[in-house]
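One chain, chain A, appears in both complexes that follow, with chain B as partner in the first and chain C in the second.
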Partner chain A sequence: METLRSALDFSDFPRIDLIVAGGIAASIVIFPLIPHSAFAMATMIQFFIFSLYGMGWNTIGGYGGQVDLGKAQYVGIGAYTTTVMLIRWDVPFWISMPIGMCFAVIWSFIIGYPLFKLKGHYFAIATIATALVLQDIFEVWNFVGAARGLEISPVKYPSPDFLRLIFKEDVYYYYVILGFFFLGILYINWFRKSRLGYQLRSIRDNEDLARSLGINVHWAKIKTYAIATAFVSMAGSFHACYIKSIEPEDTMSLDLSILIALMAMLGGAGSLWGPIIGAAVLIPLKSYLAEWLGARVGLVGIDLIIYALIIMVISAFEPRGIWGILEKVRRRKGR
Partner chain B sequence: MALLEVHQLRKNFGGLRANDNISFEVQQGELVGLIGPNGAGKTTLFNNISGLHPVSAGRIMFDGKDITSLKAHDVARLGLARTFQVYVASGDLTVTENVMVGCFMRTRSRARARARAEGILAELNLQEVGESLVSELPVAAQKRVTMATALGSDPKLLLLDEVAAGLNPSEIEDIMKSIRYIHNDLGITVMLIEHVMELVMKVSYRVMVLDYGRKIADGDPESIVRDRNVIKAYLGERFVREHEEALA
Partner chain C sequence: MDILISSIAAGLLIGMVLAFMSMGLTIIFGVMEIVNFAHGEFLMIGMYTGLLTAQATGIDPLLTLPVAALVGFLLGIICYYGFIKFLMRGPMVAQLLGTFGLMLFLRNLALLFFGPDDRAIHHGILVGKSFNLGMGVIVPATKVAAAGLSVVTFLAVWLLMNRSKIGKALTATSLNAQGARYMGIPTEWMNALAWGIGGASATIAGALLVNFWSVNPFVGILFTMIAFAIVALGGFGSVPGTFLAGLVVGLITEVPGFWDFFTYTFNWNWMADVPMTSLKYMWVYLTYFIIMMVRPRGLFGWKR
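Coming up: the complex of A and B.
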């Protein structure tokens, strides 16, 4: 009961934020009802998926301050579990998704235990390494389609198939992921005010202080990493049903890992709205850049240049991202 | 049985012997000052006792248990809290939330942690700054927040590392009041490292002196001030003269 109340309690935000958030929430709920292009619809769904990736990243990366550059491996675990189980055994999404989460969490414990003995940059590098290793394994593993990947053939399933989450029309995907998106926000809102949430912020600021307050730093990080992992794997399962075609080079790539981390950092690591703001900026930008500059003008790879610029700007001016800038401006005005 | 027993403690950093053959006891209810020149090994000793750094040799007993090789968080759970010399303020946590992190050691409930934190802040006269960020406070208040945070964990023994450094006389008065409150009213045994002699001499029942990693004196404040070794190593003749005059 206290948990539910805490999840629904946003009262520590200023009223103006809640009004803005409520307005945005209402408009994304009615978005499919107003005329829109297929491109806009696809971008919105991508935005929700990446917001969820970012929220997951934000638990360990933002609140915990452990920069994780290997989140794509958990996207992969979720996506592959759901796809393989559907193709081979016709297992519905609602069963394969939690199984994927379990696999992801188990894997996160296996690599989290040694990984969290490392600190700072060493940790970040190690997460990249584990993700690359897993990607390499999947590229040669025939059972999961190796480097060719897997495809879900939508013609086999009459749309709308809510059990397997196979739809012809994007609007169904839209509302399913919108539900996950809202639940994700509520979970993070609870998490940031939970015992673990506070302990993590203490760990991020000073590990010795955290230890002296009875916090088992290593274990707290592993637990949080598992939570982050579960989030990402869940969204990964959905992602697979949505794009219906997965291959290690896409689904588990370093590009994807970096994009997830970058989004959360751009929006504001360690804040509730940060990853969402980051996704709202980067996902349309990415789609637009790929669609226009990449396909029409032939400037392939320009998105990477822009990401690099963003990283430099964030680290130079405001490590807490767009949300950090907003907070700063507000505090200054408040005086 | 003493609350804290340290037997022949040694700490090496590579080839450097930071502390050697340090033995002492702290009884339940004592208030012990720990003084000595910079680099004497005082903070190193605290780091050893609180389990942050492993000892090279020796044994530490706390509350009847051998804590020599326990991890810092397990030591803390037994009721041994500490503050740090250089406090890194939690960027986006308020004062109350900082203290709550301490309280979370004994409870999982957010409501209970908050209530307890607010109670402690009120006891230390910090209730007005509860919603401020620690980084916005003056140093003196920050130091008292670190004490409040440590108190949140409901300790039996509190190690204070230079809580009065860099404060002006009236702020030192406040800190002294807080220390006396913690010791007398809350009944918590206190051990404190301090360079502000007037504070050490006024509040401590007993003073220990470290120099070059060795314990060179241990006794009540008056005998410490007269100890030739301590005067030579740390206090200096001038301090003693002024101290005598102040007493006279």
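Coming up: the complex of A and C.
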């Protein structure tokens, strides 16, 4: 009960923020009712998926200050568990998703225990290394389709299939992921005010001091890593049902890991709204740039160049991201 | 037996080139404590420089090294003054993601200009020639030349770092930047120089590699990871350690060869079923992971 009240309590934000957030929430709830293109719909769903990835990254990367650049391996674990179980044993999404989360969390414990003995750069590179190892294994593992990947054929299941999450119309996907999205926000809102959340922030600010206060630094990091993992794996399972075709090249690639970290960074790591803002900026930008410049004009890679430039400018001049800029402006006005 | 020997030979030869490539990363890290994720992209640019210069002028690819060195040096200095300088003021997270941004930028710029296709060199004095070491062991001449030139340039840079005044200034900057500034060393310029030398070593290695390695815009990350593994093994900041570690990692990239050797020698069928060639680089990543767990300082590291 206490937990629920804490999760629903947003009162430490300024009222203007809450009004804006409420307005945006209302408009995304009614978005499918207003006329829109299929492309806009797909972009919105991508935005929700990536917001969830970003929220997961934000727990360990933002609040904890441990830069993890291997999140795609958990996307892969979630996506593969769901797909393999659906194709081979016809297991519905609502069962395979928690199982995928369990696998991902177990894997995160296995690699997290040694990983968190490292700090800073060493940790970041080691997360990349583990993600690449897992990607290489999946690329030769015949049980999961090796490098060809797996495909869910939608014709086998009558749409709408709410158990297996196979739909013809995107609007169903939209509302399912919207539910996850709101739950995710509530969870993170609880998390940031929980004991673990405060412990993590003290670890980020000064690890030695945190240790001297009696915080079990290593264990706190591992626990948070598991939370982040569960988030990412859950969204990964949904992603598999939505995309219906997964392969190690894009479900587990390093680019995806980087994208997740950058989104949270761009929006503002270590804040509740940061990853959402980051996803809201980057995902439409990326897909529309790819559509306009990549597909129409034929300039391959120009979307990623612009996107890389944004990253470079943000990291060089405002490392706290868009949320950091907003807060700076607000503080100046308040003075 | 011949598989074993040729694997070892190939591993050592490629290891020399890889060691030289990683030296740039270790110099940059030693001087500024920043990890350059774009290192492999510098190497990729070096590969394209070598390839395009050779194709445009018709000279032998091995003679394009000065061009590649110049391009890499300028690129490093431009990156430092245009971007890294600003990045250094921020927190570590920003530095990590910033060099990642640089990596994405360079990679996609290459994609825009050169397209996604593989390109390889088909002409040159040494292309297609090989040395026969006896016992059925054959090494391509391009690899021998690349390895030899790597060792020579490696020694040159090492002498520059240890014997010259500039090298001493660089070492001073890496030991204590503030103290070096009090002694009148222009640390800002030293940082830029470290980036210049680092970039040049990557592009030279690229121009050497392109003789026997086809290039596309996506090769960078593989070499970045290999360089990280080498630098971690040798110790971040240690130049001689890098060389030894390069040889070790070079041998690790030849694991499929050793695997074949054991498969044939002991006639174990299950070994033949493992798709070892596809898992070639997994061992390099695993090496990095294990080194970091067991000995984070590396073999010769003096900095943590």
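Simple rule for what comes next: the second predicted complex is superposed on the first by the 334 of 335 C-alpha atoms of A that agree within 3 Å, B and C clash if a C-alpha of one lies under 4 Å from a C-alpha of the other, contacts with A are read in each partner's own complex, and residues count from 1 in each chain.
The rule is short, and it goes like this: contacts are C-beta pairs under 8 Å (C-beta built on N, C-alpha and C of every residue); 3 or more make two chains touch, one makes a residue touch a chain.
Everything numeric here is computed off the predicted structure, so don't read it as measured data.
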item	value
Chain B versus chain C as contact partner of A:118, first or second or both or neither	second
Contacts of A:261 with chain B and chain C, given as first, second, both or neither	second
Of chain B and chain C, the chain that contacts the larger number of chain A residues	C
First, second, both or neither for A:140, with chain B first and chain C second	second
Partner chain(s) touched by A:130 [first = chain B, second = chain C, both, neither]	second
Touched partner set for A:301, first chain B, second chain C, both or neither	second
Contacts of A:195 with chain B and chain C, given as first, second, both or neither	first
Shared chain A surface residues [contacts with chain B and with chain C]	none
Residues of chain C touching chain A in the complex	35, 83, 86-87, 90-98, 100-105, 107-109, 111-112, 115-116, 217, 221, 225, 228-229, 232, 275, 278-279, 281-282, 285-286, 288-289, 292-293, 296
Residues of chain A touching chain C in the complex	61, 65, 67, 69, 114, 117-118, 120-122, 124-126, 128-130, 132-133, 136-137, 139-140, 147, 254, 258, 261-262, 265, 269, 299-302, 304-305, 307-312, 315-317, 319
Chain A residues touching chain B - in the complex, by the definition given at the top	2, 6, 193-195, 198-199, 201-202, 205-206, 208-217, 270-271
Sites on chain B touched by chain A in the complex	50-52, 71-73, 76-77, 81-82, 84, 87-93, 97-98, 100-102, 104-105, 108-111, 113, 149-150, 152-153
